[in-house]
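So, here come the structures, one by one.
Shared between the two complexes below is chain A, which has chain B as its partner in the first and chain C in the second.
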Partner chain A sequence: MLANSSGMNFGRAFIYALLGLFALLYLTPLYVMLSTSFKDIEEIRSGNLLALPQDPTLYAWSKAWSSACTGSECEGLAPFFMNSVKIVVPAVLISTIIGALNGYVLSKWRFRGSEILFGALLFGCFIPFQVILLPMARLLATLGLANTVTGLVLVHVIYGVAFTTLFFRNFYVGIPTELVKAAQLDGASFFQIFRHIFLPVSIPIFTVTIIWQFTQIWNDFLFGVVYSGPGTQPITVALNNLVNTSMGGKEYNVDMAAAVIAALPTLLVYVLAGKYFVRGLTAGAVKG
Partner chain B sequence: MSVSKAKRPMTLESLLPKLVLAPTTAAMLICMYGFMIWTGALSFTKSRMLPQWDFVGFEQYGKLFDNPRWDVALNNLVIFGILFIAISLLLGLLLAIFLDQKIRGEGAIRTIYLYPMAVSFVVTGTAWKWILNPSLGLEKLVRDLGFEDFEFRWLVDQDMALYTIVIAAVWQSSGFIMAMFLAGLRGIDDSLIKAAQIDGASPTQAYWHVILPILRPVFFSAIVILSHIAIKSFDLVQALTGGGPGYASDLPANFMYTFAFNRAQMGVGAASAMIMLMGVLAILIPYLYSELRGQKNAS
Partner chain C sequence: MGSLLIDNVTKSFGDTKILKGINIDIDDGEFLILVGPSGCGKSTLMNIIAGLEESTSGKLELGGVDVTTAPPKDRDIAMVFQSYALYPTMNVARNISFGLEMRKVPKIERDKVVLDVAKLLQIDHLLDRKPSQLSGGQRQRVAMGRALAREPRVYLFDEPLSNLDAKLRVEMRTEIKKLHKRLGTTIVYVTHDQIEAMTLADRIAVMKDGIVQQLGTPDEIYNDPANMFVAGFMGSPPMNFIEADVVEGDVMIESAGQQYKLRLPCAEAIRASGKSRIVLGIRPEMITEPKPEELSGWLHPIVMDIEVVEPMGADTMALALWNGTEINARLSPKAGKSAGKGTEIQVNTQFAVAFDPATGERIR
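Take a look at the complex of A and B:
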């Protein structure tokens, strides 16, 4: 009995040690990014990855934000951060609103063929985007939207709607159809039912969808690198350019500060609303 | 007259659901399925800089598979895919099982395992590029610890660069797999394990023979998600190795991008995109089929 319980304690200690070790491993890259970003280049050369900054400086942060070179121009990440904001805000809002209405129809106003339509849309969540890159570039050029923020918003809305629709449809399926029927008998219209019955209970699913879309679009690189031009590049593309631009010596501290700046908005959302973030991940799990 | 007046708003109202779905339907038909067909057609033409419609049969596919770079990219995808999926599954399952032992501070630990998922692949690539830096990164760290001859230069090693991508990708995605398994474990009744233990099974045996079989669907979805991430991997390679040294760590998505947009070989690029689509379909169709069948059996 005694041996057994001490064996159990040993087992539990082992489990805690292992979980702790992995927690440290997962945290290390973030720690390295942060500590490197506060060092000067001398200290980086003389010290090592895990050493804390001896003499913390904001040099790398200010350079990454406002004067580092991202190709031919040297204005730091600030303008690209703004580009990302200009792309993300409308793209998230539009795709979420369209998704909410689509989900409302696909769950409560089914018609002949609507299930097939949903299936076809769902399938779109899975296609490798490489298969649409070339024709989309032609379409954007034809519309005069090549290399524009508007073009990128359009692309993100088109390929984001499949997910937002899926999220809302699966959420609204859980609302009793009798409510819709009863409201119809009372003479409520399509949009009135949506506004007065569905919208008030939709806050959680709006949160999940907005966080999901925000993370996806902020972190996007593929559409950004293919459809943006100089001046409209999102922050992920600018970060990649900054790291691969080698004018003068390599400044790893600036690279790391830039990486943290690019990661900050989504990390912040994760820390503040992790619960919803995880819910979106599992809801969008079909896609991954 | 009055009848038709009463009827007209009715018809508009009854058309509304279809009207609401119309823009999405149009966008889907054109920008997903139409574009897929367009790319498919393009892969059978001579297109280089600009699309043109001289059909040449499978010539571009021939060129594609004769290209040593595509060969490398496909091989890399197989190696990367297998390692990435196997390690993420193993790590995710292990961490989930350990976290499921009524651990104090579980919430905090879960948050830590999962945060890389909130970060973009470009940031991940940038961070690991620095950590694995051949002279100032991990190598120097270990040398400073006293192992003067330690060498770690995978990032610039033709044969090893691909494995740096595996490391970074596992770091980013394994926490998510952990969350999936944990959710699966939470759905299993505790009494099952207890019953197995009363029958004399050790905890390991109980997990192996009772719990893992129940988790089968989670394994299935996790594998589909991970292989989907693997096939689409582009940003991480671009940020971490740039496909290098040379093209040693290229994946198909990077090949497609390079040939379609940097090399003006649209036909070859389209052909490679179609092969990627086939790859996704080969995984997806059996999955969807079994999911749908499962749903039918359930209801």
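Take a look at the complex of A and C:
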């Protein structure tokens, strides 16, 4: 008994040590980024990479936000941050709403060929970005949406619907079909059933889908760089331009601050909603 | 008003025929029970009545109006589901009133109905709870409340009691019967519990393989079954079936090494059928200890070697062999105690029936 419990303790200690090691491995770059972003350029040149800033300054942050050069313009990341917001918010909302309705139909209002349609949509999850670059560019040009925010929203909605549909369909499959029957007999219509019965139970899956879509679209670089014009570039593209534009020496502190700014919204979303994310992912699994 | 005519309704999925022409005429206020083994099509028929599934062919009339293609909400039918299907995010009150809300009944009226229904079902103290906070029996009541609130012309019950424990089931069974007496609304009720069927129904439709095997009163179904399936399905323990030779219309039984000649009410029909071998059907309660006080021309004293007795409280079931087939007899507990080899038994053939061994159809 005693030997057993000490064995347990040893195992436990080993697990924690391993977890701690991995956490350190993942957190070190973040630490370096943050500490570098608060240093001035002199300290970076002379000092230790891992040292804390001796004289913390917000210079790099303010420059990255409002005056760093991204190519020929020098307005910082602020306008591109707003571009990203303008792309992400509608794209996330539209793809999530379409996914919810798709999932509702594909799980509860099956029709001839609905399984094939779902299979085809699933297939959309496995199409690499690169494959659709040219045809999509052609389509956007035809629609007159090339280089526009609307065009980027459209691309992200189309690409996201495959995933959001999959999420919602699999979630709604777990909700008893008899609820739909009961509501039909109660006189509720297609949309009334969705609104009164399905929406209220969907909070976990909405959280999952919104986080997923937000992260995907905010972090997207390829679509952003291909389909955007000079005034519509998202923040990921601007970050790339900022880092690659050098006026004299490399300003690592500004680069780091810019990178953290670009990553901040996704970080925040995970910190605030992370536990709902995990809960939502497992919600389907633990039921009945 | 609430009469229901099911006229030659069929349903097939591709080549699979689920319902093969169902004809049932249900009077206003009648309590009809559909029984049958799983997969017999009773739930499909229920869904077709409710409008949740379309029939492949045939006609459905509600109160004299053709509703074959009407959507569920226009049929004025309410249904109680086996799983209750309570809306999980709504409290009990809203669950009950949701149908009225969808039909745009004003709030004041809805509240009154909810209160009336809740009082009737004794759930008025639970109105603020969510379904997940209720016990199985309470959920069952809420599900019934939801159906009652709308005062429809027809209630459909799809195995409403099968998720309850035995004691609660008996309780709710009585309540449903009382409710039907009070409301007088037409009820179609699916179950595979034949005790529920016998106790509740005005008429029973026994289904198998998408066909109504027999439609009749509980008494007709029990005592005058149309075929071996119906006879075997109703009754617990089930009717004894014994293959037996026929001699001049009488049925030959071998028990405890002796041959007995049993005369059945249908002896003429057996003789007329010309069959030399039939299946004798006789219920366990017709095979008892001798009851000399019973005066009937159908009593046959025989001797049986009882192999096993199973006391059930009110009666004792006794197992023996007739023609090498195991049969059940229903003895009094007292007779059961002394039962064994060479026990004297009385066989009453007044309700015994004969079937064609090839088709299972009744010989009458």
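The rule we apply is simple: the second predicted complex is superposed on the first by the 257 of 288 C-alpha atoms of A that agree within 3 Å, B and C clash if a C-alpha of one lies under 4 Å from a C-alpha of the other, contacts with A are read in each partner's own complex, and residues count from 1 in each chain.
What we mean here is this: a contact is a pair of C-beta atoms (placed from the backbone, for glycine too) under 8 Å apart; a residue touches a chain by one contact, two chains touch by 3 or more.
Note that the coordinates shown come from a computational prediction; the quantities given were computed from them, not determined experimentally.
Peer 1: Looking at A:Ile44 after the superposition, I want to know if it touches chain B, chain C, both of them or none. Which is it: first, second, both, neither?
Peer 2: Once the two structures are laid over each other on A, A:Ile44 reaches chain B alone.
Peer 1: Tell me which of chain B and chain C touches more residues of chain A.
Peer 2: On the superposition, B touches more of the residues of chain A.
Peer 1: Answer with first, second, both or neither: which of chain B and chain C does A:Ala17 touch in the superposed model?
Peer 2: Touch partners of A:Ala17: none, neither chain B nor chain C.
Peer 1: For A:Ala259, is the partner it touches chain B (first), chain C (second), both, or none of the two (neither)?
Peer 2: first
Peer 1: In the superposed arrangement, does A:Ala141 touch chain B (first), chain C (second), both or neither?
Peer 2: neither
Peer 1: Have a look at where A:Leu58 lands relative to chain B and chain C in the superposition and call it first, second, both or neither.
Peer 2: neither
Peer 1: From the superposed pair, tell me which chain A residues show up as contacts to chain B and also as contacts to chain C.
Peer 2: Chain A residues touching both partners: none found.
Peer 1: Touching residues of chain C toward chain A in the complex: what are they?
Peer 2: 47, 50-52, 71-73, 77-79, 81-83, 85, 87-90, 98-99, 102-103, 146, 150
Peer 1: Of all residues in chain A, which touch chain B in the complex?
Peer 2: Going through chain A, the ones touching chain B are 12, 15-16, 18-19, 22-23, 26-30, 32-33, 36, 44-45, 48-50, 98, 101-102, 104-106, 109, 111, 114, 117, 120-121, 124, 126-136, 138-139, 158-159, 161-162, 165, 189-191, 215, 218-222, 225-226, 236, 239-240, 243-244, 252, 255-256, 258-259, 262-263, 266-267, 269-271, 274, 277-278, 281-282, 285-288.
Peer 1: Help me check something: in the complex, which residues belonging to chain B touch chain A?
Peer 2: 13, 16-18, 20-21, 23-25, 27-28, 31-36, 38-39, 42, 51, 95, 98-99, 101, 103, 109, 111-131, 133, 136-138, 140-141, 144, 171, 175-176, 179-180, 183, 221, 224-226, 228-229, 231-232, 234-235, 238-239, 242, 252-253, 256-257, 260-261, 266, 269-270, 272-274, 276-277, 279-280, 284
Peer 1: Please name which positions on chain A make contact with chain C in the complex.
Peer 2: Per the touch definition, chain A meets chain C at residues 176, 178-179, 181-188, 192, 196-197, 200-201.
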